[in-house]
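Look for subunit A in each of the two complexes below; its partner is subunit B in the first and subunit C in the second.
Entry: the complex of A and B
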């Protein structure tokens, strides 16, 4: 991530342009290119999956004729580039395509949009709540660890956060369930969100999944904020500020955090991205009906269009978050805004 | 106990159960024989009783007065968006659980696999069993008030016979165009070949009856004990009590809720926390642990659900019957049962259908005999036999059983090389299924006839052992068409004798259905027919 920050510095704007605007334009073009490449990779990867939805849905009764009929309905009999282009064009226009499973079951239309809107909303709720908690916690603990660097508070924060990141989510989840359900019987061990409602209607069910995700994602942010802060707090200009009698609090927040934050923004963005795509395991542990579960099901059922579209949606969010992080870094570090 | 219900199964693969049992298995290590000393209670309790398949360690006692009302919440392995309410497309257990409660069968299967009248009251054949007249139950109505009759049966059989229907194997012997409604409650069913036991074809959930003209299976209408209220594939369905159900007084509960929970640990946690009242497919290890703790009730049912290794009888080295017989003698079955499925199974004798009508119990139990296996291999010229076994975590215990068999085989000088295949390809005929020389399988077996027609007849669609024998086939159809029961039993005995001495199946266990219930669930009796007491939730009531 520091690499990305460095890249930003190298990206010097050309003469005559508004520096930030030029930067934005270049970044957006880069993001679009990244998405285009991602779409090709997703399409090719999905194409390589063995098997087909018809065999899954029809079981051993999947006659070659039935499989062929489905292929025709899905336009899978046309050449791959045509299929790719049709899918991408639809996606860009907001049409996520048709579910192969629905068509194989004999439905005339089985648009993917309505099938994934519920799970998408559920996952968004989980990711947003975790994200809202993750950022202040990362900053708070990171600054705390930096201020007390080398002392017991710092060590405690480091040990706990490193232990948390070392554990895979299914272990963290199981430990939390053991503690809060088996031992204390305080919180429900699964989040059975009924269709048509969201987890917000029973917030208790959200606590353990959110905690699991927090444990998995906090450590990197804390470490990064801590490192950035320690570096900045030892810098000459901070010393100078202190010697000039600026209050310690002002030194910390005005001089320290703002300058120490730049590399951390990238890490925090990366953690948010992880929350979008990487919550599959947490969803499985808590039976949470989100987009990760949907994606796993789609892969197992060889619902290829659904896999493509869901994967592409996740890619879009990834790239968007990256873009926002880059812009934030530029806003945070004034010298990146000036022409070289 | 994974996707248990559709013959060799093609449901979405879920291998979590398998992974869970794996650790415990590995801990036990190579000590297959040592494990014998720790046979669990269930095995001990039923080791001797081969006649009744439905003995069980379950404790869902129906003591106390029946209490009406309430909602039963059940957690089942989900099938994603492929979940359906269409009985003829259904191939996963959660679909089966819904079909069992929305629609009715012509024939009810009892907990010991015997049959009682369902929507059909009588089955009367002509002299050579080529035409059957089926008398239907009067006074049955669909939820929409329409009364049930012969046209509904004819229409349903037509749907079963569709090319894409999972019900096709059960009705492929019926002359569809000549079916006739003799009157409102009498159907005439002409057959392509004699069948002395037609009702056995209507014991599987892909043959349940829908209303004449039914097209919209997102909002179907049935005659079953529960009416559809809502259904979201891959997530949840809610049914409400059918107040006009033809079994008087039932069901007792007001509503029934299914939730798709694919992860077995999450399913168990939901049960333990009281978020659901019943769960299907309790992992074997967990069942053992909770059976002793007693915090939930373990519903374990003996069943004719075979777990088998199979050998392609047309490919070397298995084309030599000496090799096939040797492999069958190498297996230490009790050790396999104990290690791979924690003892939740009865010993297999290489013949499918234990506990079902026509099963030959007089054939001696095959046990491990390394010396005999060695001498058979010697006469086949295969003293240093090395074979490839393709395994898959598609059912819990499969990979464990394959690993253990490979260890057992070394005693006879046989090297079994294991290759683990992805669960999603294992039953896919365009990738692996029916192309493997030595592999594993599971079947749901509603009747012995069904299994033989599907896997060992001349045109059997799922001929895993590639068994081709004209004389065997003739004998099979003689047995199927014979109305004289003594004669029929003789034919069936001959058929099973042939399979026992020459077949390509190594059937090491008939695995139990193992499910979990909260202590307040009453009235659900373990059933050999399927998981969760054959999903007969019309009998369930909830204690306070």
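Entry: the complex of A and C
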């Protein structure tokens, strides 16, 4: 024990334990805990509703017998903790449960999994394309703004990004549709994907949703890249390089970008996380058949089980992204590594 | 210019502040000067601008201008109420956690971590599924999204202030804790805590408008800018103004607040980094 205490004092890693490994384990446990609490919040939140779930789903005119039958089908007759446990256990094993609305419409089985696999794929396509474009664009504009700091190009970029981040997705989307559909008639105003095919079958439909998401998420990335670059470009070692006659281009790429990027990684990762939420609204604007549209429909129809499972799925993706971002940042920026 | 109005000395501060005042005036005075009823049809649906209806008519034949003039109040009032409630809760929790340095501290921090596990809009959607939609649900939901971030800032500021000499002097004089927190701590943390009030207000507007747009907030036939956009979205090529006008109002409002907030933060020598819209940090 004394040996360990001494080692901690001199800030050395404990014997047999990699400092990064400890961090990884702690962060993973934290993420699991967050997800557990999130699952309780989602379950309780949806079950908060006053009165009987089955009669809400079935509508006011449902016969008592039908309500009772649905109660039994949805296992609403068992106590709440049992329901929660069954739901969570099923979720962990990949069983997302049955759609309450599907059951209410008289179907014997309405498993949520197959119902949402198509929308999930479509949302993933939208998110991946946006994510791939976001990184080079925030780097490009951020570096541009930093190089021209204080001049008109920089000011234009910063004003536009300040404005862009202030706009809700549906306002950006509506204005883009006005421009590209009503005024120019270049792009379709909605992104309807026929059932059976994926969003990639008509890439033109993807342009406006992707632009909308980019608009909202680029600003923060640009600002962080700019700030990081300006700091580095003013640093002593960069000045020294300049005085040694290193060309400005080489200074920018070799010194600036490499060192200015590190703090931006986290923002880029957070932007990916933003996409998870932003996609819900953006899909609604373009009637894009993704998981966000599915969720909003489920909320409107009060499909309780569907909302629970889709919300939990989104929370899992969200927390995972956060975890990956944290670990990536620590790997890339040794400065941030906490002592074990 | 000195003191509180120093932010008006920059161009972007002036522009932003004027925009905010303009939109607020439209929202407040609008209903008194509206030429028509916001809910009754006045003619053929989806006609373009005319002398009878300056911005044309919407999909039910109602006057777009009148609906626009009525449509700001609810959004701004809801967002203001939600932000105020968030600050009240955040101040309460943050002051208690920061001043007492008790058990509340770690619990609070875990609570914030949990809120960071959700996209905020998802939290609100779950709440609406459970409770149905109402102004109370919107206000409380948005306040719950914002409060953790505020309480974290309040807590940090309180920790810093509560070791200052004037607080210790008050403790030595034997004043009670509540009086010290209200008279010594609170006035001294307000400035740093309120710096990002503009951002948080914008965020409240953003999220409430989004929920309204989804049809899960204010219900028709209410006139609300976000609702107007979603109602007329399908018919955008017939009367684009029915969509563009309310979109422009929301855009002006949020951009105006952000420009003003940016100018205020600069005047205070702080940086104003627009929140990444993931969670209430």
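The working rule: the second predicted complex is superposed on the first by the 284 of 340 C-alpha atoms of A that agree within 3 Å, B and C clash if a C-alpha of one lies under 4 Å from a C-alpha of the other, contacts with A are read in each partner's own complex, and residues count from 1 in each chain.
Quick note on the criterion: a contact is a pair of C-beta atoms (placed from the backbone, for glycine too) under 8 Å apart; a residue touches a chain by one contact, two chains touch by 3 or more.
Given the structure is predicted, the values throughout are model-derived calculations rather than measurements.
Trainee: Are subunit B and subunit C a fit on subunit A, or do they clash, once the structures share the same frame?
Mentor: Once both complexes are aligned on subunit A, subunit B and subunit C clash.
Trainee: Quick check for you: in the superposed arrangement, does A:285 touch first (subunit B), second (subunit C), both or neither?
Mentor: Both partners, subunit B and subunit C.
Trainee: Tell me which partner A:57 touches in the superposition: subunit B (first), subunit C (second), both or neither.
Mentor: first
Trainee: Given the touch rule stated above, what does A:125 touch, subunit B (first), subunit C (second), both, or neither?
Mentor: In the superposed model, A:125 contacts neither subunit B nor subunit C.
Trainee: So, does A:181 touch the first partner subunit B, the second partner subunit C, both, or neither?
Mentor: both
Trainee: Between subunit B (first) and subunit C (second), which does A:329 come into contact with in this model arrangement: first, second, both, or neither?
Mentor: After superposition on chain A, A:329 lies in contact with neither partner.
Trainee: Applying the document's definition of touch, where does A:311 land relative to subunit B and subunit C: first, second, both, or neither?
Mentor: After superposing on A, A:311 lies in contact with subunit C but is clear of subunit B.
Trainee: Once the structures are superposed on A, label A:115 by its partner contacts, choosing first (subunit B), second (subunit C), both or neither.
Mentor: first
Trainee: So, A:101: does it touch subunit B (first), subunit C (second), both, or neither?
Mentor: The first partner, subunit B, only.
Trainee: So, A:222: does it touch subunit B (first), subunit C (second), both, or neither?
Mentor: Touch partners of A:222: none, neither subunit B nor subunit C.
Trainee: Name the chain, either subunit B or subunit C, that contacts more residues of subunit A.
Mentor: C
Trainee: Subunit C has the stretches 5-13, 59-67, 167-175 or 257-265; which one runs into subunit B?
Mentor: Of the stretches 5-13, 59-67, 167-175 or 257-265 of subunit C, only 59-67 runs into subunit B after superposition.
Trainee: Both subunit B and subunit C contact which residues of subunit A?
Mentor: 50, 174, 177, 181-182, 189, 284-285, 298, 300, 302
Trainee: Please output the residues of subunit B touching subunit A within their complex, sorted ascending.
Mentor: Residue positions touching the partner: 6-14, 78, 80-82, 84, 86, 89, 91, 163-166, 168, 230, 232, 234-236, 259, 261-263, 265-267, 269-270, 272-273, 275-276, 424-425, 427-431, 433, 461-462.
Trainee: Which stretch or stretches of subunit C touch subunit A in the complex?
Mentor: Residue list for subunit C touching subunit A: 12, 110, 113-114, 116-123, 125-132, 202, 205-206, 209-210, 213-216, 226, 229-230, 233, 236-237, 240, 243-244, 247, 250-251, 254-255, 257-259, 262, 273-278.
Trainee: For the complex, which residues does subunit A have touching subunit B?
Mentor: Contact set of subunit A toward subunit B: 50-52, 55-63, 65-67, 99, 101-102, 105-106, 115, 118, 174, 177, 181-182, 188-190, 192, 194-196, 284-287, 289, 293-294, 297-298, 300-303, 306.
Trainee: Using the touch definition from the top, list the residues of subunit A that touch subunit C in their complex.
Mentor: 30-31, 33-35, 37-38, 41-42, 44-50, 159, 161-163, 165-171, 174-175, 177-178, 181-182, 189, 216-217, 219-220, 223-224, 267, 270-271, 273-274, 276-278, 280-281, 284-285, 295-296, 298-300, 302, 304, 307, 311, 314-315, 318-319, 322
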